[in-house]
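Read through the structures below before going on.
Across the two complexes that follow, subunit A remains constant while its partner is subunit B and subsequently subunit C.
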Partner chain A sequence: MMTYIVFILSVIFVVSFVGFSSKPSPIYGGLVLIISGAIGCGIVLCFGGSFLGLMVFLIYLGGMLVVFGYTTAMATEQYPEVWVSNKAVLGAFIVGLLSELLTACYILKGDDVEVEVVLKFNGAGDWVIYDTGDSGFFSEEAMGIAALYSYGTWLVIVTGWSLFIGVLVIMEVTRGN
Partner chain B sequence: MSVVYINIFLAFTLSFMGLLIYRSHLMSSLLCLEGMMLSLFVMMTVTILANHFTLASMTPIILLVFAACEAALGLSLLVMISSTYGTDYVQNLNLLQC
Partner chain C sequence: MKPPILTIIMFTIISGTIMVLMSSHWLTIWIGFEMNMLAIIPILMKKFSPRAIEAATKYFLTQATASMLLMLGIIMNLLLTGQWTALNILNPIVSNMMTVALSMKLGLSPFHFWVPEVTQGIPLMSGMILLTWQKIAPLSVLYQMAPSMNTHLLMIMAFMSVLIGGWGGLNQTQLRKILAYSSIAHMGWMIAVTTYNPTLMLLNLTIYIMMTLGTFMLFTFSSSTTTLSLSLTWNKLPLITSLILIIMLSLGGLPPLSGFMPKWMIIHELTKNNMITAAMFMTITALLNLYFYMRLTYATALTLFPSTNNMKMKWQFESTKYTTLLPPLIVMSTMLLPLTPMMPTLF
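Coming up: the complex of A and B.
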């Protein structure tokens, strides 16, 4: 079962995406987005990206979704809609769930199943994570991210400047009048 | 390509359709935009880690930076709409009348 852990996590990922894409009230959508962020972190961790999984939790969930949470709390209504209280939401949720179930059953049907949408997907080497064997004394993903400050200096300057301009734009937008 | 990508593509497509189909709140469309960014992050990270593109590992972080910028901008627009109309219902955005 542990060989299929990445597939199971990706199925739960899609199910939680259906949960907030079927648009219940935003407070429940935010809750399900937190769950899908955690599952996405799990998928990233299964491929060996420990620093990037930490980034998801810290920056994405801890920074962006907290801001979404209290903005939603500011603009919410008295009786928020759940998935079962509205036929449109429930219908969208069931349609999404069925499409994911069909996809999962088709993928699990055989070992040499091949799906072609734009690219050829095949499950032939999927359950084993390829590794060259020797990774030295450091994790190559962490070294690649550390290269942000040596090879990616211009990237740092551009993103820093765009964040600064973003703050100025937001201040102008919310000044109103 | 491995089969896990199908599920992540499906997640991206679902939240993209959720972004385009409005119901009552503008906030839930912004949440679908965040979902799109999350699925793009996961797809990019899985591709980079599975193919050992070491130097490209910085690009998911850059993607997250720009996603944070756009989320903050969307939220500021939502706050202005909410302070003008009282709620963030999409039916209030009818100045164009066409």
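Coming up: the complex of A and C.
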């Protein structure tokens, strides 16, 4: 099972994306968004990026999505739409699920057939982790994060400024007159 | 909006576009686009009303979709070539995807639907920033990608844009919608020539920006947003009336005004590349544009509509509007034609 963990997590990732893009009520969409964020974090973890995966979990899910969840809980309606309550949402969910299933079956036809969608796929072998891809002595992911704070100072400044502007814009927009 | 916040937001808009212009790495280009888009949302919502919020929401949704498409193209380019430089995207899937994303940002057909609605819902000065400054960043990325772009896709979008810009503006009386359709048509002219001579695209952009800035400032000067209120400017500001006449004719591309220069050079370049039908088609559809500019000049400067006032002149007060650099803009929008041999060398 551990060999196929990335494949399983990717399948659940895609299915949860279908889940929230079939437009249920925001509270249920937020729930599925949290699940898909956690699964994405798991995929990052499987490729050896332990620090980044935990950052996604803590900051993205634990900080921002929790705030989003609370605000949608404040703005929720009396009878929110769930996937089985509305025919349109259920229909969209089933259509999305079927198309993903058909795409996955097309790509995974077998180990001998090579299929090209944008990249060349050769059965399930491309989604399986055989090793972590380390170069041996250091983790590339940790080196990348260290580089962000040494060579990438400008990027940190720009990103920090963009986040500050994001908060300012949100406050301007909601303040109104 | 309080002045410190307005200063910070304007600074972010300017620095977002400058980051796109100065970058060679795709990630910083994308960051520049996002900074620009985020910071212009409160500018679009300056006059707080449901219409303005609707316009800002439409703008945000389309631009965010375009940014996501661009990011997908960037990641696919990274996957397929392993590098982040923004020149010469050789893979056709990636190149087409990025072209579609950037044309969504510019408001080219068939992604033009947001331009009239967003421009109509926002104040005149915000519309001015939207239609001039926001075009610089995507066109600069198109300029960098120009050697490897798909000419067929660009030509299809150019033809549809000039057609829709011409036909869509015919039935409008609201000035902001007219200028939005004018922007769509001019963008069509600009990308038609991108794969043949990108310098002419920049030349067209410069002349278009000068003319549109002048137009918006003249409209702000007389506080008019409909053709009807424009037709009453003879009473308030007679000089503005004649300036509107000249700038409208320049936007329509009539010689000897400088609006003729980009059209002339583009037709010349298309003919040199044996695209004679294309040049003819675009010239004929530019007549549709000229029709509604002429209608505006007719209403403003050439006739007196039956109006409610019967005074010959009103008191002329000092204007309190910010019309910076209006005289140089008008001079440059109308008198640059003799300098045509020099203009392509500037870019």
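List of remarks:
Note that in this section the second predicted complex is superposed on the first by the 154 of 177 C-alpha atoms of A that agree within 3 Å, B and C clash if a C-alpha of one lies under 4 Å from a C-alpha of the other, contacts with A are read in each partner's own complex, and residues count from 1 in each chain.
Assume a contact is a pair of C-beta atoms (placed from the backbone, for glycine too) under 8 Å apart; a residue touches a chain by one contact, two chains touch by 3 or more.
What you are looking at is a predicted structure, and each value in this text was computed from that prediction instead of being measured.
Of the two partner chains placed around the shared chain by superposition, subunit B and subunit C are both touched by A:V173. The partner of subunit A that touches more of its residues, comparing subunit B with subunit C, is B. When the shared chain is aligned, subunit B comes close enough to touch A:I43, but subunit C does not. In the superposed pair of complexes, A:L52 makes contact with subunit B only, with no contact to subunit C. When the shared chain is aligned, subunit B and subunit C each come close enough to touch A:S162.
Counting contacts by the rule stated earlier, residues 119, 155, 159, 162, 166, 169, 173, 176 of subunit A appear in both its interface with subunit B and its interface with subunit C. Residues 1-11, 14-15, 17-18, 21, 23, 25, 27-28, 30-32, 34-35, 38-39, 41-42, 45-46, 48-50, 52-58, 60-62, 64-69, 71-73, 75-80, 82-83, 87-88 of subunit B are the ones touching subunit A in the complex. Across the complex, subunit A is touched by residues 1, 5, 8-9, 12, 19, 28, 31, 34-35, 38-39, 41-42, 45, 48, 56, 76, 79-80, 93 of subunit C.
For subunit A in complex with subunit C, the residues that touch the partner chain are 118-119, 155, 158-159, 161-162, 165-166, 168-169, 172-173, 176-177.
Listing the residues of subunit A that touch subunit B in their complex gives 6-7, 10-11, 13-14, 17-18, 20-26, 29-30, 33, 36-37, 40, 43-44, 47-49, 52, 55-56, 59-60, 63-65, 67-68, 71-72, 74-75, 77, 88-89, 96, 99-100, 103-104, 107, 115, 117, 119-123, 125-126, 129-130, 132, 140-141, 143-145, 147-148, 151-152, 155, 159, 162-163, 166, 169-170, 173-174, 176.
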